[in-house]
Each structure stands twice: as structure tokens, then as C-alpha cells.
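What follows is a pair of complexes built around subunit A, which joins subunit B in one and subunit C in the other.
On to the complex of A and B.
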């Protein structure tokens, strides 16, 4: 098991982000994290990334705490962490200095595949920045990729490029957890879909199994969360 | 979700691995794909269709089991020289006709009415 949550609750000052959730993530899986705003998707990803500590229960990543294993996991948050002065070459130096598992040649391939323009981040569109951030993320050789809304607020073409790159870069010994609102566009990518509602797992299913019952993931989303 | 061959997937229409199989059979029936030809690698096709590579692997292995494809070690997946192309073509035609026939029966059409309806639509398309 690559990661697991045992009876995890995360309480913020007044609200509960996650309520008594237990989940296991085996290696070699692409799991979609689906739910409305405030359903707990980001909380779950941040807990696995070690950016949040559970109020109760235990989060385990590679048989240890997420904090101890941060070098082996990759987290792409919603916040745009790029410096405005950075272009792709600066980003490459920055990442290579920070992470031993960052592959410069893979990064350059990704830049090409994602069609990232040679401009400073501040002169890029939101979609272009999203693509650059994804290239930075995927050029690392991690086993666990935690991607929080990598498709949010960017144009269709960028979303398609991002999904294609994700598919091409994904390796069987790694697991991707991806939260998104773009269910229809991303559903083909998922082995497994987790529907979150008010901090709980409302449904945990295999995407192909849903479709063989004649229900798309989108239709199931409406059924379960609508 | 289309390339030069016009792959078509619909998440509402059942498991994706099955639909990939149907696409391959349709390309063969139309002659857009021929015996001996190589298929894209699972990763490339997955990237293009933006689906999970496992799903493509699953589809290819089903097609292999049905005698349509063969895997050549280190080279990739190929359409078998003896792939039952005509059989698949007939099967696809029968399936399409059955879908229409079922709806025609539900509508209470006579055989003549059903055939006339198809003919009319096909003629109209040809005239476009």
C-alpha cells in the first residue's frame, strides 16, 4: 500500500474538513477525487502531502508519516507558486536545486509536449502557467502524485494537453490522486473514483465498473452528489 | 477524441476498453486498418484519447484473445494476418441492424415500413 488513511478527521477552527475517513491507495492507480467545493478534496490531498496534520486518526505514506516521506511525494496545490520573473529555464534550475529526483531532460520534453512558451511567468496566461507548473511537477520521479485541481480555470486546449501528458508520464509503480471539477474531460483517466461529500467518502468505485453498469462517472456524480 | 482514423469514445456507452475494441473492429471492417499493420502503443493511444493506459492494455489483450491482434515482443501490437475481418464486419453490420430493428419493433413498424424508413434516411444522406 502506497498510502492510507485510518479514521482520519481534520477539524478546522469551526468546520470539519474530513470526517472519520479510512482509505487505502495501492501502487499503480490513477484515482479521481470528485466532489463539490468544500467537500474535503483539498484537505485530503494536503493531509497526504503532510501539509496538514489530522485532528484524529492516522495518515501513512510509504509506511511512515507524510512529513518524513516528503521527498518521495509530489504535491501540486491550487495556489500558483510561480515567481513572476521565472521563465521555464529558471524554473528548471530552481527545481533541480530543490529536488534530487528532478529530471532536467524529462522537464524539457514536458515543456515541449505541453507547449509552454519561453516567457516569464508574469507574461503567461493562466493556462500557460498551469502547464509550466505541471511540467515542474511531473519531471520529478516520485511514487505518489497529489494534484489538486490541475485543470481548474484554464482553457480547454491546456486541459487536454495536461491530461495527455499525465497519461504519457504516468508509470505503473506510481499512484496519482487528482482532484477536479472537470469530471467529463478527466473521467477516462481514472481507474478509481472517490466521491466526497461533506468530508466523507460518499462512493468509492472503479470507473470501468460504473460504465459497464451503463453509468458514466459524470452521471454517477450527479446521482451521488446532486 | 479523434485522430486521423476517427477514434470515438462515449463515457455514457459502456466500458471504455470495450469501446476501444469496437473502434479497432470498425477500422478493420472499413479498411482503415489492415492485417499486418501496427497499432499505436498503449501509452501513445492512451495519451491521444486521454484515457488510462491500463484501459488500452485491457482492450488490446481482449482483442488478442479474440484473435484480432498479436503482440510481437518488443515491437508492439499488430493486426494478425489471419484476423477475421469479414466476420467482424458482418458482426458489426448485424449489431447495427439489430439496434435499428429493435426500435422499429417497439414503434410497431411493419417490415416494409422499417426498410422504407432506412432507405429514405440513407437516400437523404447521399443527396447531401
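On to the complex of A and C.
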């Protein structure tokens, strides 16, 4: 098991971001984390990344604490995270210096595939910055990819490029957890879908099982969370 | 130490404008000191020394802000990337500290140059040894006693606040930390004053002292030798405190939640 949550609760002031959630993530699957705003998707991903500590319960990644095993996981957060002065070359130097599993060659291929322009981040559009961040993320050789809304606010063509890169770069021994509101576009990627509502898991299902019942992920989303 | 080079480069890219502005501000302070006109040379020297002290204090504050910019990085998401990167918290903290201190040192040496210039303008007979002491020894001692601990304190404050925000609010641990360390500062200062000169002091401006004694100024300065002795103890104590605060900040880095 790559990661698991045991009865995890995360409380912010008076609000519970996640309530008594228990989940397991084996290797080799792409799981969609779906839910309305404030349903706990980002909290769940941050807990798995070790950027948050649970108020109750336990988070285990690679049989240890997430922060201790941070070298083996990748987290792509909602926030931009690029320095304005950074261009693709700076990004390469930054990542290669700070992450041992970063592959320069793969990064350059991804830059081409994602059509990232050779400009500073502050002169890029949101879609271009999103693509650069994804190239930085996918050029790492991690086992667990935690991607929080990588498609948010990005134009259709960029979203298509990002999704096709995810498909191309995914390795069978790694697991991707992807939170997104673009359910219809991403549903073809998912092996498993987790629907979150008010900090709880409303439904945990295999995408294939839903399809065999003649239900799409989008239809199930409306049914479960609507 | 893996990643230190990259983190120093990152500090340089993030903060080079600040560093350049600080070093550039020396021209401003020199201009200000050059504008001072007073009735006698002693008064002129006094005003220039006040300006030089102000330059030091402003620089220490600017450097502290420069290396303690955690809030903006938290909002923009860069902090998350840094927290999950390979190098340990100790290396991250060390890189921030070293870059800020590296900016402070040339500034300090240049301020020492201004001190020597002000002394000569006031007619003080500074020989080569005394000039070098003004340019190197005194500023480096000042950097060790003031700037290094202030930088380490700010880094510790910022990591402490990031790690122990109570219910998401940073002002509570921030207030506790500032008042807590503030309360310790008074007794620390008293203790340092009491033990100063237990070890032999470092004599400065030797020939100048001789000249002043020959000028029979000893009624105003009963023991002029003491006035130009630098105590060792504050330097060692503050450097040890600096190392302690950096180690603690590096450890707390691993506890930070964003």
C-alpha cells in the first residue's frame, strides 16, 4: 500500500475539513478526487503530502510519515508556486538542485510536448504557467503524485495537453490522485473515483464498475453530490 | 549540504534587488554624512557616528525582513514546494541566513570605511592599523553581535509562527514568541554586561589612544584605554545564540503546516 488514512480528521478553527476518513491507495492506480468546493479534496491531498498534520487519526505514506518520505512523493498544489522571475531554465535548475529524482531530459521533452514558451513566469498566461508546473512535476520519478486542481482556470487546449501528458507519463508502479472540477474531461483517466462531501467520503467506486452499470462519472457526480 | 548551492542561488534570485538596494544605500549615507556641518569637529564626528549607527540599524531591519519573507511565499505556494524538497530544514534555514549575512558583511565593511573617513575628517590621527581596525574589526564584531543574532531570531520567529499557528492564526504564537524572547533579552544583556572583560578585551585604535592621552583628555575620559577595548564575551555569546536559534529554526521547519 502506497498510502493510507486511518480515521483521519482535520479541523480548522471551528470547521472540520475532513471527518473520520479512512482510505487506502495501492500502487498503480489513477484516482479522481471529486467534490464541490470545500468538500475536503485539498485537505486530503495536503495531509497525504505532509503539509498538514491530522487533528485525529493517522496518515501513512510508504509505511512512514509523509514528511519523512517526501522525496518519494510529488505534490502539485492549487497555488501558482512559480517565482515571477523564473523561466523554464531557472525551473530546471531549481528542480534539479532540490529534487534528486528530477530528470532534466524528461523535463525538456515535457516542455516541448506541453508547448511551454521560453518566457519568465510573470509574462506567461495562467495556462502556460500551469503547463510549466506540470512539466516540473511530471519530470520527477516519484511513486505517488498528488495533483490538486491542475486544470483549474486553464484553457481547453492546455487542459487537453495536460491530460494527455498525464496519460503518457503515468507509470504502472506509481499512483496518481487527481482532484478536479473538470470531471467530464478527466473521467477517462480514472481507475477509481472518490466523491467527497462535507469532509466525508460519500462514494468510493471503481470507474470501470460505474461504466459497466451504464453510469458515467459525471452522472454519478450529479447523483451523489447534486 | 546537498541543495545548499541551489538554495543560495534561489536566495540570490529572490533577493538580489534588496541586496543591491542596501549596498546602494551606502551612497545615500555617505552623502548624508558629508552634508553634516557643525561648530566643532567633535560635534561633527558625533553627528556622523549617529548617522552611521542609524545606517546599521536600518540595514539590520531590512535584512531581517528580506530573509523572513515567509508570508508571501506561503500565499503564493512556493513555501509548499520548498517544504517538500529534498534538503532538510537546517539547509533551508542556513541558506537564508548565509545569504542575508553575506549581504550584511560588505555593507558592514563599507560602513567601517565611512567610520574611518569620518574619523579622519574630524582630525583623528588614525594610522594604518587603526584604519584597518575601523574598516574590518569593529564592523565584523558589530555584525557578529547584532546582525547575525537578529537574522537568526527572525528566521526562528517565522518558522515558529508557521509551525504553531493556533487555529490558523499566526498572531498568537507570534505575540508569544516576541514577548517571550523580549523578556529574556533584558537578563541576557545584564549578564553579558556583568561578564564582559572577564576575558582580555581586544584593544582598538592603539596609537589614537596614545595621542588622546598625550592631549591630556583624561579628565573627560578617565580611562581612555577602556573606551577602545572590545569585549570578547558578547561576540561569543551572541554567536552561540545565533547557532542555537538556527538549529532550532531548522528543526521547527519540519513541523511547519501550510
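Throughout what follows, the second predicted complex is superposed on the first by the 226 of 226 C-alpha atoms of A that agree within 3 Å, B and C clash if a C-alpha of one lies under 4 Å from a C-alpha of the other, contacts with A are read in each partner's own complex, and residues count from 1 in each chain.
Quick note on the criterion: contacts are C-beta pairs under 8 Å (C-beta built on N, C-alpha and C of every residue); 3 or more make two chains touch, one makes a residue touch a chain.
Nothing here was measured: the structure is a model prediction, and the numbers come from that model.
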Superposed on subunit A, are subunit B and subunit C clashing or fitting side by side? fit
First (subunit B), second (subunit C), both or neither touched by A:157: neither
Does the superposition put A:1 against subunit B (first), subunit C (second), both, or neither? neither
Please work out whether A:100 is in contact with subunit B alone, subunit C alone, both, or neither, and reply first, second, both or neither. second
Quick one: classify A:56 as touching subunit B (first), subunit C (second), both or neither. neither
Would you sort A:184 into first (subunit B), second (subunit C), both or neither based on which partner it touches? first
Should A:81 be classified as contacting the first partner (subunit B), the second (subunit C), both, or neither? second
Go through the superposed model and pick first if A:211 touches only subunit B, second if only subunit C, both, or neither. first
With both complexes superposed on chain A, which partner does A:71 reach: first (subunit B), second (subunit C), both or neither? second
In the superposition on the shared chain, how near does any CA atom of subunit B get to one of subunit C? Answer in angstrom. 27
Considering only the contact definition stated at the top, list the common interface residues of subunit A for subunit B and subunit C. none
As the complex stands, subunit C meets subunit A at residues 3, 5-7, 9-10, 13-14, 75-78, 80-87, 167-168, 254-255, 257-258
Subunit A residues touching subunit C in their complex are 12-13, 46, 49-53, 67, 70-71, 73, 75, 77-83, 85-86, 90, 93-94, 96-100
Listed in rising order, subunit A residues that touch subunit B in their complex are 30, 160, 163-165, 167-168, 170, 184-191, 207-208, 211-212, 214, 216-219
Under the stated contact criterion, what part of subunit B meets subunit A in this complex? 9, 11-12, 14-18, 43-44, 46-55, 58
